[in-house]
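Next come two complexes built around subunit A: one with subunit B, the other with subunit C.
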Partner chain A sequence: MLLNKRSAMSLIELIITVMVISLAVIPMLLSITSTNVQVYSMGKHQLAALAARSLLDRLMLLPYEECHQKCLEMGADMALLADPEFAALAGRIDFENRDFDEMTSRVAVYDAANAEEQERLFVIEVTVSWPVPKSYERRHISFKTIKYQTRI
Partner chain B sequence: MINKSQHKSGSVYLLAVGLMSLLILLIFSISRYSGGRARLVSLADQKQTALYALEAFYGDMISQIRVRIRDKDEALINSFISATEGGTPGFSYVPGQTLSELFEEQQISIKSSEMFFEQVEPLKYPAMVTYPGDRPREKRGRLCITNEVTFLGRNYKLTVKVPFKTVFTLTPVLRQFAFFADRIHLEQREKQGLNDRINIIPIEKGSSISTSGGPPRLPLCLGMSIKPHDQINSDNEKEGYVYLGKSDQNIILNLAGEIQPGEGELSDLWQVNVEHFKPVETTGRSIEHASVNTLRGNIQNKTLSIPLRIRNTRANLRLVGFCRELADENGPWYKELRYVLESDPGFRKYDTSREALSLSSGIRILGASFEAGAIAARIPYPRNVRNVFGRVFNRFFVLSIFDFPSAYLNTKLRYTSEPSYLPPPGESSYGDKFNFEIESGSYRNYMSRTMSGNPAETGQDFDHQNAPANLAADNTPKVFTFSDFHGSDGVTLTEPLDRFAGQWFFDLHSAALKSDLERVESSVIGRITRVYRDQEEFKEEVGLADGKLWINGVVAVDGDLTLEDLPPETDIRGGIVLVNGKITLGNISRGLAPSSLPPVQMMLTRDYLDYLRSLKPEDILTFVSLSGDQIKLTDNVQIGVHLVSLKELEGPEQMLTYANPGKVLFAGALALSTPYLDRLTTEFRDELPLFSYPPEMATTKPPLATVIEDNLEGYDYVVE
Partner chain C sequence: MNRRAFTLIELMVAFFIAMLVYMTFSRVFRSSGYQIEKGTRMLELQTLLDAVEHSLREDVRRLRKVELSTEETPNRFCFQMYSRDEVVRVEYEYSAAEKAILRKELSGSEPLTKRIAAGHIDNCVFAAVLEDGRFKRLDLAMSLSVDSNLDTADRTVSIAAHFTSRCNEPYKPWLATP
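Moving on, here comes the complex of A and B:
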């Protein structure tokens, strides 16, 4: 009988085993969750970079004056999808628009460094930001370049 | 049993450890994936940041080059003009302040920068144009720019190839012509009568008169400069050539007559040169004003008096031009002419249309007469000449008399078609007889006749009855063909001038261009440096709103172009504007102050001649209607403008029109297939119009514009 009793795990042993495994698994699961969030965020970052590049490239293709005017118009934060051109573009790669729906863009224009250059160039900076899930924090990415007047 | 229970307990632990190991492996791999992805994302951002920096970098270089070209940096411009494979632009690049600050902010450092020319090749010409090998050529090529930067430990390199062109801003060949009408023969389907729509200006007392009750027609007057005797017929390219085509068609211009020298501004007989009477020996002789008693009293007649072999005998060749006085049956010439030219077919044609004897040419290729009044005293005779291309002949009459002045011989020398004819001896009023014995030429060179009555019938360009309007360098009348054309830039031609437009200009959407790249490259289309979608884009880009009109190259406007009056102070930089449609222009006065003088009289003033000379070739605006549409001028002062509208035609079209008939002042050049003189001459009012040629349009060094194009022909981005 004694032998029979010893052959099974006691309740205490079982509880301890479950507790040990739980202590080890829970942080691991948390870590997995965290990694998933990080990966998700990377995806957002990539999409935001894509959006910023797309916006900046489109602006750079415009004639000088038109580009300057458009940049000024886009100076405030605005939802990416409020831009019909971008919405059409995004529609082709994100059918439900879920990836971009909370992204915003802002275009900043900086004058050239001196008067001579101000006649023929300005600096454009495009910033795209997106919210961090379950947080009030927003992340952003920006690209900056110079727009030159070609009709000199 | 103990072993068995221990084995069971160990299995649980083993299972737990295994499970944990799997979880750890899972986390490790997810972590690696996440980390790798993060690194990739980071690299992509850096790569993009570096790319934008590199694009800003080459943009700064191109921008600086453009600024220097705009500011006429000779060294840089010449380096493009003389660009060779592997050569470098003539300037030292220093990064602009804005670019430097951007790089500093982004912690980007410049590693290397290189710029050189590649694929440089001369632009081609049509087969009929021979361009000299020792002159600067129009070119196209690419500026290869390779920039390398370092950003966060990595090197990034961008190579771009930026196309450029160096093109003439004046149209080759055409720029040499003050007036070029390659189909004007369509306005003269017959050489005399109702279908002669070139000779349409009725003349009386040396001026145009109205025969319809309305305002009189005024001829298109091409201005001429005034030169000292010893410089006449030299540097003719600076007067601007004239071409009246087609090249195989005769164009006859009636010279306006006069009763008294200097009567009116339209008398043309001063254009007749003693050389028109070769082979008669005329060395040292000139055409002078001689008094003649006529039924209408004493008149002054331009006369070439040639001594004959018998002492004191002379042949007096009186010149008679087209005017009402000639057409008048009771006028000073008609009856006499009808008698002496009875068998001259050139004159007999007027028997049924005598009024046509009053009509002179609607175009004055040598300008107005300046013999009138006090001016006559200042202006040497004969006047200056210009080169006239095409089979252009002057029509006038010669009324010849065999004379012995002191014996009142006055024997009329009648027309004959017989080559060996000799007139009977002349008899003086005293009964003495004098033989007509000549030193040079034949009787036909002395007799009365119609000059250029109908050159097509004779087969010879210059003989006793044909008077080409053009004089060769030795002053011999000569029909100039394409082979006589020598552009001041050394260009020569291998085909008639009337074929030039067909090989040079094409509609922008021409089907012929799509299938023939050679045509594109060898025509003006291959020289286009910028295309504007419409005139609004053109006006914006050339700076009209800023008081500028900067062409600087060969630009094309797809559609019509209308330019209102340009403010006098408009900053103009010349070039060629190809318009795929209609052209409408207002005033382009370039600040020329209005003058109270009649336009043609301005050619006599030093101020205006100096002003003409001051018009630089690089400032001349050339407007070309590629579709050959009518060019409309809504106002009447255009300075430094070359207007071109050429196309194949079946009948004449008015390719230039003045919307507000009035006093016209034009400085530049016209190239119109048909000006349609019949209509155009009704649009000049108040004063004779002046179309003057800026001498610098004939420069030996036509201006070349260097244009960096907007597009790229190569793009290579490398991350090392």
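Moving on, here comes the complex of A and C:
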């Protein structure tokens, strides 16, 4: 008779069941949040590349000394929308600033290794970065090119 | 073998737990579907953007001479460019009616027209920057959109970009004198 006695589920058993189910579901929810961040970042990547390439093209058009000076001036992080030429161009259409919000650019200059080459060329690196949502992390993309004093 | 039936409370608790599990999984799958839709729209936008950028960059890098100032006609940009051993005339025009950029190659007897990103360009402005009468660069501001069942920000994108050419510089030994 004792073997046939069936007790109801206790509170502890119920809590353990809920915890086990939660443990299975939480990684799935985290995975979805992670996918969201990846998709967002993927979209920004191409825009950032276009912005970096445009900035690099603009710098390359400048005469050698002026280009060097301008690159040094742009050595600190600067909001892309604060760039007067970019802002003037964007102002010509109903531009959606949201895509470039918090996107920043920075220009680095690397001199050649020896004195002789330092007078003839330098390397420009343009980096555009953007924040990853819900995180302190920033992603970035950069392009490098060589600026020659005289075209080779 | 005395088997007792489930009580109403047991059934309700079981139903409640089943509902909780169902709602959680339903949310997971709905969210996955949303992300897939968002990703697809974003990919579509990027493909369109890439098509416009690639076409303009390829042509403008071979630009020889601007034929039509964009100051009065910001929706049109006409220029000569090097194509193999000859100079050809190319015109880019934004058609608001077709929501497309039309690329016309005007060299032959019949102009070749190509529609780029048809049905997706909401606005487009060209601005050729000239210095001392010489081409310096082409500026482009454009907004693109795609249709979506979702009301998300990823249906539209705006860009501002510069395109340069070095073909009009004095030093060009790789090009035949036109």
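Note that in this section the second predicted complex is superposed on the first by the 107 of 152 C-alpha atoms of A that agree within 3 Å, B and C clash if a C-alpha of one lies under 4 Å from a C-alpha of the other, contacts with A are read in each partner's own complex, and residues count from 1 in each chain.
The working rule: contacts are C-beta pairs under 8 Å (C-beta built on N, C-alpha and C of every residue); 3 or more make two chains touch, one makes a residue touch a chain.
Note that the structure is a prediction, hence the values are computed from the model and not measured.
**Q** For A:Ser10 in the superposed arrangement: first (subunit B), second (subunit C), both or neither?
**A** Neither partner.
**Q** Pick one for A:Ala90: touches subunit B only (first), subunit C only (second), both, or neither.
**A** The answer is second: A:Ala90 touches subunit C but not subunit B.
**Q** Where does A:Thr145 make contact in the superposed view: on subunit B (first), on subunit C (second), on both, or on neither?
**A** first
**Q** Which of the two partners, first being subunit B and second being subunit C, lies in contact with A:Met42: first, second, both, or neither?
**A** both
**Q** First (subunit B), second (subunit C), both or neither: which does A:Val25 touch?
**A** Both: A:Val25 reaches subunit B and subunit C.
**Q** Who does A:Gln69 touch here: subunit B (first), subunit C (second), both, or neither?
**A** A:Gln69 sits against neither subunit B nor subunit C.
**Q** For subunit A, which residues belong to both interfaces, subunit B and subunit C?
**A** 6, 8, 17, 21, 25, 28, 32, 35-36, 39, 42, 46, 53, 151
**Q** Quick one: which bits of subunit B touch subunit A in the complex? Just the residue numbers, please.
**A** Of all residues in subunit B, those touching subunit A are 1-2, 4-5, 8-9, 12-13, 16, 19-20, 23-24, 26-27, 30-31, 33-34, 37-38, 41, 44-45, 48-49, 52-53, 55-56, 59-60, 62-63, 66-67, 69-70, 96-102, 105-106, 540-541, 710.
**Q** Hey, which residues of subunit A end up touching subunit C in the complex?
**A** 4, 6, 8, 14, 17-18, 21, 25, 28-29, 32, 35-36, 39, 42-43, 46-47, 50-51, 53-55, 57-58, 60-61, 86, 89-90, 92-99, 151
**Q** Could you please specify the touching residues of subunit A with respect to subunit B in the complex?
**A** It comes out as residues 3, 6-9, 13, 17, 20-21, 24-25, 28, 31-32, 35-36, 38-39, 42, 45-46, 49, 53, 56, 65, 112-114, 117, 120-121, 123, 141, 143-146, 148-152.
**Q** What part of subunit C is in contact with subunit A in the complex they form?
**A** Listed in rising order, the residues of subunit C that touch subunit A are 1-2, 4, 10, 13, 17, 20-21, 24-25, 28, 31-32, 35, 38-39, 42, 45-46, 49-50, 53, 74, 122-125, 127, 136-137, 139-143, 153-154, 156-164, 169, 171.
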